[in-house]
Amino acid sequence: MNAIILSALWGVVMMLGGVFFKKSTTPKYWAIAGIIIILAGNLLEFFGHPFFNVDTKGMLRFDSFGLIFNSIAFISTLLFFLLNGRDFEKIGIHVSEYFSLIFFVLCGVSILSSFNTLLMLFLGIEILSIPLYILTGSEKRNLKGNEASLKYFLMGAFSTGLMLMGIALIYGGNSLGSFYIDAINLGSGHLSVLIGVGLVLILVAMAFKVSAAPFHFWAPDVYDGAPAVVTSFMMTIAKVAAFVAFFRLFSTSFGSMHYQWQTLIVIITAATLLIGNITAVFQISVKRMLAYSSISHAGFMMFTLFALNTTAKEGLLFYAAAYSIATIGIFAVIIKMSDYSIEGFNGLGKRQPLLALTSTIFLLSLTGIPLTAGFMAKFYVLMAAVKDGHQLWLVIFAVICAAISAIYYFRVIQAIYFKDPVPGVNENIAVSQGFEWILVITAGLIILLGILPGLVIDWLYY
Amino acid sequence: MEITHILFWFLSALAIAGAIGVIASKNPIYSVLCLVIVFFAISGHYILMNAQFLAIVNIIVYAGAIMVLFLFVIMLMNLNAETEPVKNIYMKMAGVISGLTLMIVLVAALAHSENANVVMRAGTSIGLTESLGKALFNNYVVPFEISSVLFLSAMIGAILIGKKDSATEIK
Amino acid sequence: MLGTYFTFPELLIWIPFITGIIAFFIRNGNSVKTFAIISSIATLAVSVISLFYTDVAHHPEFFYYNNVSYVWMPYIGSSFSVGMDGMGFLLTFLTALAFPLIFIVTNKSEYKNINSFVGLLLLAQAGMMGVFVATDALLFYFFWELALIPVYFLCSRWGGEKRIQSTFKFFVYTFLGSLLMLIGIIYVYMHTPSVSPDSDHSFYINAFYNAILSPRQQEWVFWLFFIAFAIKIPIFPFHTWQPDVYEQSNYPSVMVMSSVMVKMGLFGLIRWLLPIFPAAVAKYDHFIIILCIIGLLYASCIALYQNDLKRFVAWSSIAHLALIGAAIFSTNRLGLQGVMLEMLNHGINILALWIIVDIINKKTGVRKISELGGLAIKSPALAIFFVIIAFANIALPLSNSFVSEFLMLNGIFDFNKWYAAFACLGVVLSAVYILNMIQKTFFGKSNELAEKAQKMSTSQFIVLSVIVGAILFLGIYPDPVIHLTESTVSGLLARIPLK
Amino acid sequence: MDAIQLIYLVPLLPLLGFIINGLGRNALSKSVTGFIGSAVIFLSFCLSVWIFFAVSSEGFTTQNISYFNFIDVYKLHIPFEFQVDQLTSVFLLIITGVGFLIHVYSVSYMKEESQSGFGRYFSYLNLFVFSMLILVLGGNYVIMFIGWEGVGLCSYLLIGFWFKDHANNNAAKKAFVMNRIGDMGFLLAMFWMVSLYGTVSYHDLYNSDNGIITALSTINSHAIVGITLLLFVGAMGKSAQIPLYTWLPDAMAGPTPVSALIHAATMVTAGIYMIARSNILYSLAPATLAVVAGIGLATAIFAAIIALKQNDIKKVLAYSTVSQLGYMFLGLGVGAFSAAVFHVMTHAFFKALLFLAAGSVIHAMGGEQDITKMGGLGKKMKITYVTFFIATLAISGIPPFAGFFSKDEILSAAFAQSPVLYILGFGGALLTAFYMFRLMAMTFKGKFRGTPEQEHHLHESPAAMTVPLIILAILSAFGGFLGLPELFVNDGNEIDKFLSPVFEHSKQFIIIKEVPQQTELILLVVSSVLIIIVSIWAWNKYKKYAPSVSENGLVKAIKNKFYVDEIYDAVFVRPYRSLSTFLNNVFDKRGIDGIVNGVGKTVNYGSRQLRLLQSGQVGSYLLLMVIGLLILFIIQLFTK
Amino acid sequence: MEIKWYIFLSLVLFCIGIIGALTRRNSIIVFMCIELMLNSVNLLLVAFSKMHLTPVNAFGPAMATSAQIFVFFIMIVAAAEVSVGLAIIVMLYRNTRSIDINFLNRLKN
């Protein structure tokens, strides 16, 4: 509860701050302070000190899984602010408002990690999405941004419609007539038709939110069209929050009927892996390539839904951390560039050795090379899937796709180290000393998590 | 046939006709008006089901506020039938066919659902403002408060986007 | 005492790892070269000292020095456990021996960003050491990939024109293989008994050996492992990356890859495949041996045609490795003992071949066999070295490969007489292509290019002398190596049901 | 027994010579090199003589001396061991004795080489002697194989000694590869022995008391025939028998003393040594013996026919060597092991002599080897002429020269088996006489047919070359008396008696029929007369040689060696080359790598196609979403 | 009245909304179709709330209320969405003078 309330409050603070802040850099510091406060509040709650004793009537339930995820999200956000806080100025003049929207998103994130009724899920999803619709279009005079915003909005609203229909059918179908996800008692028999249809609809809506194929179409366009700063945020924190909600909902409500709908997950996972990885191969813009790659990562995270066991839970948490941090890291570099194409990376190893090295670490992590967090993340989700024991071909398919993913990630690495710089492209990438330090810390975090995944996972059993 | 049944069929026919009108009419203004008809029909259904509060809210919020907003926007943009060029006919066909298929699939599936023939109970007071209000401010106060965050962000968004900035180049 | 603070396997990993990282920060080109030589010699020294602690019967502290385990990821039953048995000693020794030789012999070669170059080489060494000492499946996989990444950078950054594409093909290929193996590892892991109270399963090697897998399960998981190793070795038809990469890459990397890195695949077969999937091995052994023998004849056949020295050596290496592969799957004592010996021998011999090719290339500036000729006139010493190495390569008696090939072929013969006959045909063909190559490069009239060739440098001379000494020593008195690995083979055979 | 303890010195000394000459080839002067090279062999020879006396003394039993573990795996022990017995000692004498003479000869013959070339030559030669000694000293098949391949290596190096000329290199390569094919058989035979008996040691296998082979094997069993045939394949390669003989004539590309030592006197007889060494094994496999006899005989006649029309002096001698080796195998095949060894010995004398004398001729002719360009050399080169003549008499089998006795012994053993073998074998002997006398006559008689320059240059060779010739001539003339048949001596054949401990065990398995003494005598007389007649006919025919213009088809075929090389080329070499090209250019690049790259291309293609789904239009996105939704519905609701 | 008729009615409305969203190019109309979908859901929820109001079920009234409250929240969210959505559409219109979604294809492939 701490996180929800604090983030909502801080959103308001930032909103009001828009009136009072005179210097354009002030909001950044306030935002950093805010995220640290929220993080601290969340950690205190994790260690047993909630500030607010609100009776939620069981609509929110704060378990270690959700709280750890919150912390991961807040730490990622903190890194994001530290790295790219200044770059919000590139979007427009309402810096403080942008931050305020981000805090509202974080409020949604905290709700999604702790909801216990479909109502809260719905509200959480909306609180997560609506600020993102706005942020996507926040660069008002950028036609691509506008287009992305409208696409995102229309499709998001459409998927909301689907989800609501699903919720309604599930409500009608379960004998208790409850919205509480732990009370939706399905028994162990055959899925009733109402529930079955409702489940598919919710599945589709959630798959849309996490950009799983074939409901992913918005993702490349929106990630590409949105300002890079915003893309970085919504590709990571917003997306994994949706995943956490997805996992939470399906493991709690439908876990007992797991094998009656596993086939659907198999199809979605396979399609997501295939489309994400294959399409990414041909991209020229790194930003868009990463958009597709985020789809492929969604495919890997889908494995946690495929397996729905404790390893999957651990895996999802870890994947969230590994994926978010690495993506924020690589985006931090991209945001500093003016040209997002792969040529823009040519010769980065010569021009900016430190950026090159850290980018390489992030890319290696995204590929899933050992010693980076990305490997342990993939390892956990694959382990979860193998543990489940069904449909092992899917696992093999996944690793083939992971090998394909090496093609596009390494293309960037090749550009960084093995190609000569193109004159006039990204020639002056100005980064501050502080930025470099944070980037190094971020990369260090990736490697640290790659060596000691227990740093995240063991908290589950704290 | 009871009166409620007659009303049900009438309102249903009205709603479906209105809905078809929404998607079929060339002129956006007609679409809006058709949608208003649908909303009224649905409100009628609510009343049939003894959910008076929702019926009123539906009319006030949807038919009143939201639809007027739509209408304003359409007027503002001065849209009319000619502004919408003919869409690719195949895409249209595909859309209609897949939508109809979806409908058939869903109807066929749900026709055999376990609850399909449960008879609805009428005549209780839960749909009245009083009972709903009590529930809202007792059990549902947290989501109610949280929805304020939603509104705040929507508000900021509307301002942020709607406000006219000093003219910059279109990218 | 040494064992109180560090164990040998750890030292063997950390010395190259740490020095490798330090090397990145040394700006001066010459001092980084010297640094690398010192580092690799230190590793070699540790490796040699470790050999004195191998006698299990007389030194009970053997395991104390050579096996160690740290808690790493207790909840999934993985630990940082490393240890060495006979095969481990052998292969770490090969690794430790190869690097100083490579550094010394290429001391005069100039590479851009020499500090990164050297650093990556040392990191690769650490990775390979790790592969050879890991006794935890997950750790093994870690090192398996870690050895690959530095090599990827090495081969992509320094080398011929098409290096980026060919290395990349290699990378994706092996990466795919290792990912498949990862699934296999996880699958086997799910069937392991628990060895600690923290976790239901374990990645420890003994747990893997005791995994309960039905023959049907073994039969398909077997392939996940096998493909990974087969790509690395490479076994026909997974070999196509190798000639391209060898052709395009710089010499030190190629030396590392062909002399040490391919052993990772063989090591994997012996350590991680045969004991875990005995039923599958019994089912597929004929198939794989036939595959290997086809590969042997195929590679021998193609080697004859090659005009590029690097490709030539690559193909000849493929042929030799195919023979080793066949011998491994003959799963009998003679064959496996031969394999152990041959892993060392092949490492030495192929390294020597690359050194010679490097020298020829540096001296004349070309690698095309058709453009060379008569080198023996201007560089008789080089010719002598080469003839010795070439004949060692075709397993002439009293050279090191003879004993190992004798044992391997004998093992294959025990398995099936006809397979041995065809494998022997490979021995004949190897003579054909290697003599052909000697004749075209070293003999005949010397041309302009050969005229340019000068004498070898002292360091090259010393390195080649060391190698020739090793070749002869191992050829005449291979007994120590055979005895070193005896227990490994016995342990392995104890896990495979006799036919 | 002291001598036997020092046995390791016998091979070690040449090895030492090899090392010194090899490392010091630039530093040491030619005379020092020559001295060292010859001296080590001479010392070995002295030791061999000493050993010979030790072996022939009363009460000698076979000695096995083991030095260290060569291969020691589980139950398989292959020590580095020597075995000394009568057979070994005979070969030791031949190798070191003839080897020494040839070394001495070489000092003079090779003096025009550069200093380092000279050193290289002597180091190779020493290495060869070392390998050959290991071959005959080895106490098990693996050690024998070390020598076996070692001599192959030296042969390779020495044939290609003048490596600037690719013809020499090709010959060297051919020799090595053909030997390798044989070695493959040898290797497989060893594997078979290991897997059957668990050992390859002579002592374990053949010892009369507990010989594994006699204990475990039955006559003509599958395995025994297999092993012996495979061993024989090895012998075929090394001893140039059909079908692996074509390398030997080409091997004449090497320096002539090399031809004398390696390709006439010693190395090529390794096959005979090996089979003689394995006599027990072979006598358990009469089927194989028949094959050996057949191939030996066929080779003897075939090579003799080819030799009839050769004009290169060394080629004639090479084919003659092939033919004589065939006789030796015939002897082995009919069970006359000691006769075969006897023939090895006499052949070593006269064939080495022939080659050295030929070398002398070539030396005098300034490198010319074509006998149609010679003639009348007898006047200018008296010693060469006489020694060559003696050798010719010996090889032709004219009594009482060495070849007569050894060949006769083989032929009479053949007669005992079957008169057909005898007649064919004797036919070959007639051919031998014919081509040898043709060679003699064309070289030394008639008018000189070379250039005036060569005529001016003609001279007798220096003493260092002629002295070995004379010594060998003496041996060729009288060596035969070592093995006088029982016909003439009462207590039987000396060689037979000396070697009998080696061969006596095999007698239990094969019965050698005795030919009645009268028949033998008649055969002897008739054959001698016929041979002499043929010799005189050939002598007279070619004394005044003039090139004939017309050649019929058969003659042409013979001249071209029955096109065997061409056939091999067409059947093996060229298909192999095209296969190699095909595999490299088509199968590997387009096939296997094509598949690998094809996967990559498919991914690229798929990427290009799949991204078209991302049309940018919301309508189509929603449509695809709905279609996806439909599919999921259908799967969920209608598949169970 | 059996519940199935309400189910069918709202499904029909829902699917008409979907068809509209798929076929129309005017983004405002697409948006309106989505509103139609939401309304069909509302109708269904209310119908279900009446269905669950069975005497068998002790929690009946509370459950029924919860569905109607849910409808209320859907309306709230819809209102918020409309404000944001129309703002976005207006912004786009300002920049491009068009609200045709098929012109939105700067981002593709």
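Labels A, B, C, D and E are assigned to the chains in the order they are written; within every chain, residues are numbered from 1.
Please note the rule applied: a residue touches a chain if its C-beta (ideal position, glycine included) is under 8 Å from a C-beta of that chain, and two chains touch if they have at least 3 such contacts.
Nothing here was measured: the structure is a model prediction, and the numbers come from that model.
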| item | value |
| --- | --- |
| Chain hops separating chain B from chain A, counting only touching neighbours | 1 |
| Furthest chain, CA centroid comparison against chain B | D |
| Of all other chains, the one whose Cα centre sits farthest from chain E | D |
| Of B-E and A-C, whichever chain pair has more C-beta contact pairs | B-E |
| Chain occupying the most central position, where position means C-alpha average | C |
| Interchain centroid distance [CA atoms averaged], chain B/chain D, Å | 102 |
| Distance from chain E to chain A - Cα centre to Cα centre, in angstrom | 26 |
| Chain D and chain E: spacing of chain centres that average the CA atoms, whole Å | 97 |
| Geometric centre distance via CA averages, chain D-chain A, whole Å | 78 |
| Interface hub residues of chain D, defined as touching at least two other chains | 600, 611, 614, 616, 618-619, 622-623, 626-627, 629, 633, 637 |
| Touching two or more other chains - residue numbers and ranges from chain E | 3, 7, 17-18, 21-23, 25, 27, 30-31, 47, 49, 51, 64, 66, 69, 73, 77, 80-81, 84, 88-89, 91, 95, 101-102, 104, 106-108 |
| Shared-contact residues (touching 2 or more other chains) in chain C | 172 |
| Chains that touch, pairwise | A-B, A-C, A-D, A-E, B-D, B-E, C-D, D-E |
| Interface residues, chain D side, partner chain C - complex | 68-74, 76, 80, 116, 142, 145-146, 148-150, 153, 156-157, 160, 163-166, 169-170, 172-173, 176-177, 180-181, 183-184, 187-188, 190-192, 194-195, 576-577, 579-581, 583-585, 588, 592-593, 596-597, 600 |
| Residues of chain E defined as touching chain D within the complex | 18, 21-23, 25, 27, 30, 101-102, 104-109 |
| Chain B to chain A touching residues, read off their complex | 106, 109-110, 112-115, 139-140, 142-143, 146-147, 149-150, 152-154, 156-157, 159-161, 165, 168-171 |
| Interfacial residue positions of chain D with respect to chain E in the complex | 611-612, 614-619, 622-623, 626 |
| Of all residues in chain B, those that touch chain D in their complex | 87, 91, 94-95, 98-99, 101-102, 105-106, 109 |
